[in-house]
Every structure is written in structure tokens, then in C-alpha cells.
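So, here's a batch of structures to check.
Heads up, the next two complexes both have chain A, just with different partners, chain B and then chain C.
Here is the complex of A and B:
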């Protein structure tokens, strides 16, 4: 847009590098903190350094086994269970959102049935979840779903349904009906056409939708905070309780846990970069 | 897409006599396929909403020892609603949340727009820089909050960095300072969500037709003029989408705050979500929270409706002859 003058180019690289540095500072700090032994955590416990002087796996060891050489207190609840809980509920929540969303999106896209759906599901994203959580909490405890894997998965499936629905709707809208009509002429039933013709055509898009919705579910903190107590707390909830249980701040251990939590969404996010804009704007924009 | 509209249009008009078996099959299948989504909506919207209205008209709380069904025994009609208008902490938290939205969203927008203009044309390393700049928005917000919690410790890296640069001993207690705490939270929010603006605005900018830009260049327009006269008007819708999305999400701000300050010091950084959270878990005033939530539901719906109408008007004006931007 601005031509290719050498001055502009060098200024551009300078600005981009500045942005990259700003993006990386907190990230790198957490990444290196995860490998720092206790004395290097803050200036209060020793000297501050940007790179670990004596890199160690101690922090990971501590959160998984509850013990490590540096720290005297043993941890009574280790990290495997929260990690497992995060995985299970995020995967199941994604399955619910994508299955229900895909079916609904196809119905709206092809048969114009359920025309209230596009706007009704959007409503689910408009309001702060806390403003509508009281009845949900009452219902969940009434149905015995508080602090269970199915209760958390169900609510995850519901809150990410709008994204799955809108993404899949834009993908179905792009599939030319002529191909389906050809299959119909050959005598396939409507459902067979959907299952054997349309769905295979949007396979890649469906996989991207799954990853996108998984990132959203994995990123949740608030809902797990409200609807889990002990058995099914997820990584962020567990991570935040780590500090309060120990008195002091467990910088290194929490950074190790944070690193584990941060990696899957970043990897998946880069993998589906092409569809991020579409997903985040509910299909209003395409890249 | 257009083909579907045409054929399905025929369905609706000729419902009684002219429905072919194939069309009937489509309608039946469509009904079945949309059923799960409709049931989930019924389950999570209609029933809870009725329950929320009911509970909000009482003094019921989770420790009453009675099921919510018997909440009518402490019926008070609109006392909760009257209370919320006099609740200074509620209005304070609304004001604080709006302050965060009003400061963060425009800054994120401008930074994102600036970055997007740098990325419009190709240059070596574009892809890798693009991926790096997008990472903050993919990091779990609670973890991002914790990153900044560490950064802003008085014994943490940021003060250390400032000390080294200035040569003085900088020891701000960022997160427990009355004024700095909210600044720290805003910095974290801007760090995490500028990439979203960047992503959306860049996508919009890439959609601006190149031949128009070339024509403008030939006619002697400089970069600044091209940006104001061609790029901006073409991107109006994209910008509105980006701003609305971000404002709606920013208004819900919770994770970052909860991890970084828990609303402190005192209630200096208490957002509306955080206030409701404390009312729910510390004070257990569930019926009051139900009333607060309903009030916000109505207020936000009105706002959304006004926004929608304004947008439709603007669109109609843009499409009207002579109203279009040159």
C-alpha cells in the first residue's frame, strides 16, 4: 500500500521487532521461570535473572509428585488430575458443541428450518456469564451435576455452541447445492446425502472447527470456578489454588503449570490460523 | 446459496398442496437436525430465565435450608431491584468496567490497526512474525493473568528492568497501589487482545481491492490520502465488527482481574463480573444477584437492540443512491 521504499522497510522491521519483543517478554519470563530453582524466582528470594542460571526440572517434579529438593512443604494434591479434568471436559464439551452445532447449521443452511437459531445462539455470547449463572448453578446442583465431568462438559458444549454453529454454517453455505442435488437424483436419501456427500466435503473445515472450539473450552476459567469444587477442578482453578494453599507464591511451580496449559492452544491456534478470523467473528468475516 | 433460497422459497409458499416427497423429507430432516440445538437452548435459556425472574423476587439464598422451589415464602416483589439502584458498589463496578472498556478497546484498536498496515504487503519473514504476534490471544486468559501477576510483582522483572534502564531503584507495588493496579490490569488486557484486533483488521485490509489503490496512486494520491479515502471507508464494517466484539468481551472481564488483583486493593479494580462473583460466593446473596443479572440482561439487550437498529439504518443509508461513499 505504501510502496517499497527502503526507509519505510527499515522502520517497519523496527516496529515489528518492537512488537515481537513486547509480546515475548511475559511469555519468555513464564517459560524460563518454569525451569528456575527457588532462589531465582524473585529479587526477594535471591537475584533476578532473565535466564535460569541453574536450570532444573524441579518445578515440574514438584507439581507432579508433590515433592522436590528445594521446597520443604509437600503438595497434597498433584497436577495430573486437573490436567486430566481439563482434557476430558474440553474434549467432551467440544464434541457436544460441534455435533449439535453441525446438525443445526446444516438444517438452517439447507432446509431453512430453525431460523431462530442464528440469533438465539449469538445471545449466549452477549451477556456476562456471571449475570446468568445463578439459575444455572441452582439447576446444576439440583441435577447433581456440580463438580462432575458430565456437568462441566455439558455447560462447555452449550457456551461454545454459537462458535461451532456459525463456523459450520458458513462452511455449509459454501458447498454448492448442485453436488447434493446430483446425489439426490441418483436416489440417495437426504440424510445419506448429508452424511456421505456434504460432510466429507467439509472434513477439513470440521476438523478446524473442533480445534477452534477446543481452544475456547480449554481456555475457560470462570465456569470451572463456579461449577467445580474438588474432584473436577481444571488447570486454571487448580493453579490459582496452589498459591493460597501454601501461603507464599509458588512462582516456579505455577509457571510450569502455566506452560503446560499454554502450549496446546498456541499450537492448535497456529495450525488453524486460516480460520481464526472466521471463527472469532462468527463467520461475518473471511480471510 | 442463492439456489437454495430459490428452491426453499417455493417450499414455504406451496406448503399445502405442492410439497414433493423430497421436499417434505428435507423439512422433516431439517426439523430433526435442528432439534438438539433447540432443546439445548430451551434448557439453558428459557427455563433458567424463568427461574431467575422467580428467585429475584424473593430473599432466597442457598443457605436457607429450603429448595429454591419454596422461595415464595420470602417473597418481596421488587425489593432487590430497589436495592440495586441504591447500591453504590454496583454502580462503581459498572463505572470501573466501562473505564477499562473505554481505555483498552480504543488502544487495542489503534495498535492493531497500526500493526495491520505494516503487514498488508509481503515482506520476508511476514508469516513467522504474524504467528508470533498472534500468540497472546491464544494463551489461556488465566495463565496470561498469572504472567502479568509475576511481571508486576514489586520484586519482579518489570521493576528490575526499569531500575536497570533508569539507574534508580524502582519499586512500584503495582498490584496493591490504588492507581497503578488498574493500569497494570489494562496493560495485561491490551497485551492479550491487541492481536485479536490486528487479526481482524488485517483480514479486512487485505480485502480492500488493489486496483482501486493503484488507480488512486496513478491519480497522485499519497499514502495518507489513500488510507483515509479508500482503505478506511472500505473497512468500516470490519472495524465496527472488531470494536463491538472486543467491547462485548471486555465488558465481561474477569479472568485477568481475578488472577491479578482479585479486585483489590480494596475494590479499586473490581469489575462488574468480579462484584457479582463476590456477592455469589462470599455474601451468598443469590436472589440479589439474580435481580442484578436480570437488570443487566435487560440493559444490555436494549443496548444491543439500539446498536442493531443504528447499524441497519447506516447500511440502508450507505446503499441508498447518492449516499454511498466515493
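Here is the complex of A and C:
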């Protein structure tokens, strides 16, 4: 295909480099922007630099205290509350999706129950999110669940359930049924087999599923926009409100918040990296 | 300790009948092999004994006690799977201790028995290993140890040796025999390998397509096959089966093999006795490869054949011959002097021939 190995390799590395640059530029931009003072946010002064000329903690100070030296507008709502809201709803939503999804996936994988259920679980995802979320908003408002932590957690759990279900089902399908039969013959109850044998065997998969679902919930904008008003606004919605009539979009503050928002997924990811890298190698079946 | 009685046991999966009205009595402390080709229903039978599958019909009795409604955990059986079913997320120690921990034995007792089993299985230096790191041979030792450690009354083994390498398989065969002597269990052993069945079992149950073909001691199954299936399945190379028809030659009963020749029954009383029970003229003649003789002289009474291939397999030479379009095999001593293309006479062994009904395949004249 390619003339020679060096040519092939240089093309290869060029493409890899391109991919890395495309992924890294926004991250680096956000990282530096977070420390730029107001005049450096845009080209308003006539120039734009990669690194902050006068690095400052001002953006962080501003979103947490509502004021800082070089910004005239005071912020009426600070970031602590949205961060808390995001943490609570994303964690609870993930817990709901993963627990229900895992149990459901196990049942479907092992007992061939549910007929078309596995597919119909996907139906929330078959339509454009907005088309589904408007009726949900009406329903939630009828039930008094708009702008509550439980209302938002519940819908997060419901919306990400299909992902958790399908991921876990594929993993359960790969656990040889003989392993469970062996445990049954050894004297285990059905539940004990699930808890002591099957679940530990898919724990790497379970960890990956948790991370995946958590990121989905953590980064949601649309649902939180529709289902929160004031008290339980999450980070992405709050971030959008970081604008003023005078200063326009407050890029530096948004970047500072974005940097903080990246911490939980990154920490979570590093914590379970062992499982992510190891992947799924069940050594039980050697044919 | 326990005997197992299967009483008109059937299992159907939709339209497929996996096991068809199986009748089997496995006496206490005996080693019984369920032998048959893939898909003959032997594993399904095992699963029903263990309680993993529910029979469609029929009953399973342990010591005359119907265990139909007992879950697998309360049947006091050990099960070794073909693919080991080792808990790979646990260490060897945890695997061996699994059944004892489920039974909530005291910690010191568990430790004592795990170490005892480990030394029996020669796994002492592997106890702390994560079982995912073990070799195939070691995995199977752990699987056997894990099932044997709870000392179940009934020990079920589903093709436990078929994934192992040849040398280790031979070693495990003797180990299993020792194990059974030590623990005095009733053992049911599923295999498709007739050599394994012959060497290990007290009795062999030959199955095909869900139906029991024959149940008897290895010698019985080998020497007196009840039908052409068993005759063909037991022995390697398998028994030569030749279609023939019953005729009379100058008033003497004979078997006609068409152009290949004719076999007079005047001098073989055993074969003659079998011949007399025939209901129809079309028959199948059977003789073991190791019993047949090859001669190059013409005057011998025999069947004409041509050597097509000579296969030296260590201690023996297997001679392939074409006999009127059918291939037969004859096993001779090693370095048997014969050339490909030789035209020879094949002489069936007197007193060691079998005769089957061509239509039903059933053996004729069995006691």
C-alpha cells in the first residue's frame, strides 16, 4: 500500500500526532485560560497568547466568592452549590443505573427472560433527546420533581440505564455458565453465586461501566437545563450562566470551572485504571 | 455413599430429544463411564444427575430416595467440568476452600483439608497463586481437588481429561483411579474416548442419539457388542463391518460377500450358532482388526482384498485393504512385511466373529 516502511511510519506518526493535537488543544487552551486575567480572555486588546502573561487565581476566586479585583460585576450565585448538585445527582444517577442495569442484565443474560425487553430498554435513546425530554419535563413538573436532587438523580439513572444494562449484559454473556454451575453444585445459593462468583469476575467491567455512566451523567447539559431552576442547577448549566451584559461571555471563569469539573472523572479514571487497562480477560475457558 | 438409579429419564429441548427414556442403575462405589460421540446425551444426563438440568420425564433416585426436588447444592455431588470452571478471580487456596467455606466449616478444619488435598494433587507450591495464572493441567487438578475436597458421595466428571496433553492425561487417569479408591465414591465419568472408558470404568454405558446402546463391563462391551454402533465405537481401529447375505453353499450355510468371496460356516460353531438366529438374509459381518489374518497364498479359504495403505503406529502396523470397494483395517505386529498393491486373502478369526442384522443393527445370537 505504502511505498516503504519509513514512509508508512512517518504517515502513521503524523496521523497520531494530528489526533493528539486535536484532542489536547482544547484541554490546554482551557487550562491556560483558567489562569488568564480578564483582558487576556479575548482579542479585545489586539493580541491573544497561548500562556497567560499575568497569571492569576482571580477566575477561581470570582466563581467561589462572587467578586475579584479586575471584574466590576459581582456574581449573585457562586459555584459551590452547582458543584455539590452535580456530584450528588451524577453519583446517585450512576448508582441507580448501574445497580438496576447490572441486576437486569444478569437476569436477561442467564435466564433468557424478558423477550424484547433488552431492545425496548433502548427506546429512550431512539429519539432525539429533546423530543423525549420535553414530555419528561411536563411529567416531572406534574410530580413536583423539577429542581429537586431526587428528580434529577432519578432521570439520570433512567436515561443511562440502557448503557449500563447493555454493557453489563455483554460482560455477563462472556462468563462461562459452567463456573456458576460449579458454584451451585458446591452448595451456593443462586444469590451467593451472583455475589461471590459472577460479580467478582466482572468487577473490571463493572468499574468501567461505572466510569462510563458517571461521565455521561456528569457532563449532561440538556436534562439539567430542563429539569432545574435554581436550587439544583448543575455545573454545565451554571457554566452557561457565567456571562454578563457588560463583559459578555466570561471565558476565564468558565475555564476555571471547567478545570474543576474535570477533576472527578480524571480521579475516578486513575483510580480504576488498573481495571481499564487490564480489560476483560477471563482465563477460565482455555480451549 | 450412594447408588444412582435413572428411571425412564428423558430430556427434551424443544423438538430435540437429548436423552430418551434412559434406564440405568449405577451401583454404590462403582466407576461408571458414560461413553458416546458428541451430542449423544451424556452431558445432559450428567447435568440432570447434578441437578443443573431438570428432566422432562422420569426419575432420579439416590439410594432409592427421589432427589427430583433437591437443588444441586443439597444433592451431595461433586462435579468436574470439561472446561474446569475454575474461579479465576480467586487463588488456588480459595478455590479449594470454596465448598468448605460454603458449608461453614471451622477455619482450622478448612485449612487442614485444603493442605491435605493440595499435597494429594501436588499443588502445594501453588496455593497462593491466582488461579488465572495456572497451566491447563494445573487448572484441571484444582477443579478435581475442589470437587473432591467436600467428599461428596457421588462424583461426576464431564470429560475432565479431554483438554489435557497426552502424557498428563495418562497420569491423571491413574490419579483418578487412586482418588476413587481412597474416597470410595460412586463415580460417573462422561467421555467420548473409549480408551479412557475401558481403562477407568467398572462399567460402561454406551449412548448414541440420546438412547442407551449397551451397559456392561468393559470386556462385555468390547467382546459382545449388542449392535453395530457399539461394535464400531469400541476399539481403535474400530471393528470391520462388512455387509453380506446368508446363503447355502452345497448344503452348508455360508456368508456371501459378492465378488469378494464366500465364507463357509462349517468350521465355526460360534458363528454358525449366531447365523441360525438370523431373521432376514441380509446381515452384517464383524471382526476386530487385531483378530484377522492376512495370507498371500491362494488356497486358503478367505476373502480377496488389495493392500492400499500401510500405517506403522509404533507397536503395531495397521494395514488398510480394499475389499470390493469397502475399506477394512487389520492390525499386525510392527514391521509387518507387506507392500502396497499386494493382492491378498483375508481370513476371519474362528470363534471371534460377530454377526448383526443389517436392518436393525442388532447383534445376533448374544446370550
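The working rule: the second predicted complex is superposed on the first by the 244 of 287 C-alpha atoms of A that agree within 3 Å, B and C clash if a C-alpha of one lies under 4 Å from a C-alpha of the other, contacts with A are read in each partner's own complex, and residues count from 1 in each chain.
Just so we're on the same page, a contact is a pair of C-beta atoms (placed from the backbone, for glycine too) under 8 Å apart; a residue touches a chain by one contact, two chains touch by 3 or more.
Everything numeric here is computed off the predicted structure, so don't read it as measured data.
Colleague: Regarding the shared-chain residue A:184, is it in contact with chain B (first), chain C (second), both, or neither?
Modeller: A:184: touches chain B and chain C.
Colleague: Touch test for A:273: chain B only (first), chain C only (second), both, or neither?
Modeller: first
Colleague: When the two structures are overlaid on chain A, which partner does A:51 contact: first (chain B), second (chain C), both, or neither?
Modeller: Neither partner.
Colleague: Going by the contact rule set out at the top, does A:108 touch chain B (first), chain C (second), both, or neither?
Modeller: first
Colleague: When the two structures are laid over each other on chain A, which of chain B and chain C touches more residues of chain A?
Modeller: Larger number of chain A residues touched: B.
Colleague: Contacts for A:221 in the overlay, against chain B (first) and chain C (second): which applies, first, second, both or neither?
Modeller: first
Colleague: Can A:23 be said to touch chain B (first), chain C (second), both, or neither?
Modeller: first
Colleague: Contacts for A:197 in the overlay, against chain B (first) and chain C (second): which applies, first, second, both or neither?
Modeller: Only chain C is touched by A:197; chain B is not.
Colleague: Applying the document's definition of touch, where does A:262 land relative to chain B and chain C: first, second, both, or neither?
Modeller: After superposing on A, A:262 lies in contact with chain B but is clear of chain C.
Colleague: Share the list of chain A residues that count as touching for chain B in one structure and for chain C in the other.
Modeller: In chain A, positions 176, 178, 184, 189, 281, 284-287 sit in both the chain B and chain C interfaces.
Colleague: Under the stated contact criterion, what part of chain A meets chain B in this complex?
Modeller: 1-4, 9, 12, 15-16, 19-20, 22-27, 29-30, 33, 42-44, 48, 50, 99-101, 103-104, 106-114, 117, 120-121, 123-139, 142, 157-158, 161, 165, 173-174, 176-178, 184, 189-191, 194, 215, 218-219, 221-222, 225-226, 235-236, 239-240, 249, 251, 254-255, 258, 261-262, 265-266, 268-270, 273, 276-277, 280-281, 284-287
Colleague: Flag every residue of chain B that touches chain A in the complex, lowest number first.
Modeller: Spelled out, the residues of chain B in touch with chain A are 1, 3-4, 7-8, 11-12, 22, 25-27, 29-31, 33-34, 36-38, 40-41, 43-45, 47-49, 51-52, 55, 67-68, 114-115, 117-118, 120-121, 123, 129-144, 146-148, 150-151, 153, 155-157, 160, 191, 195-196, 199-200, 203-204, 206, 213, 223, 226-227, 231, 238, 241-242, 245, 248, 251-252, 254-255, 258-259, 272-273, 276-277, 280, 286, 289-290, 292-294, 296-297, 300-301, 304.
Colleague: Which of the residues in chain A come into contact with chain C in the complex?
Modeller: Within the complex, chain A contacts chain C at residues 176, 178-179, 181-189, 192, 197, 200-201, 203, 281-287.
Colleague: Show me the residue ranges of chain C that touch chain A in the complex, using the header's touch definition.
Modeller: These residues of chain C touch chain A: 47, 50-52, 71-75, 77-79, 81-90, 98-99, 102-103, 131-133, 136, 139, 143, 146-147, 150, 163.
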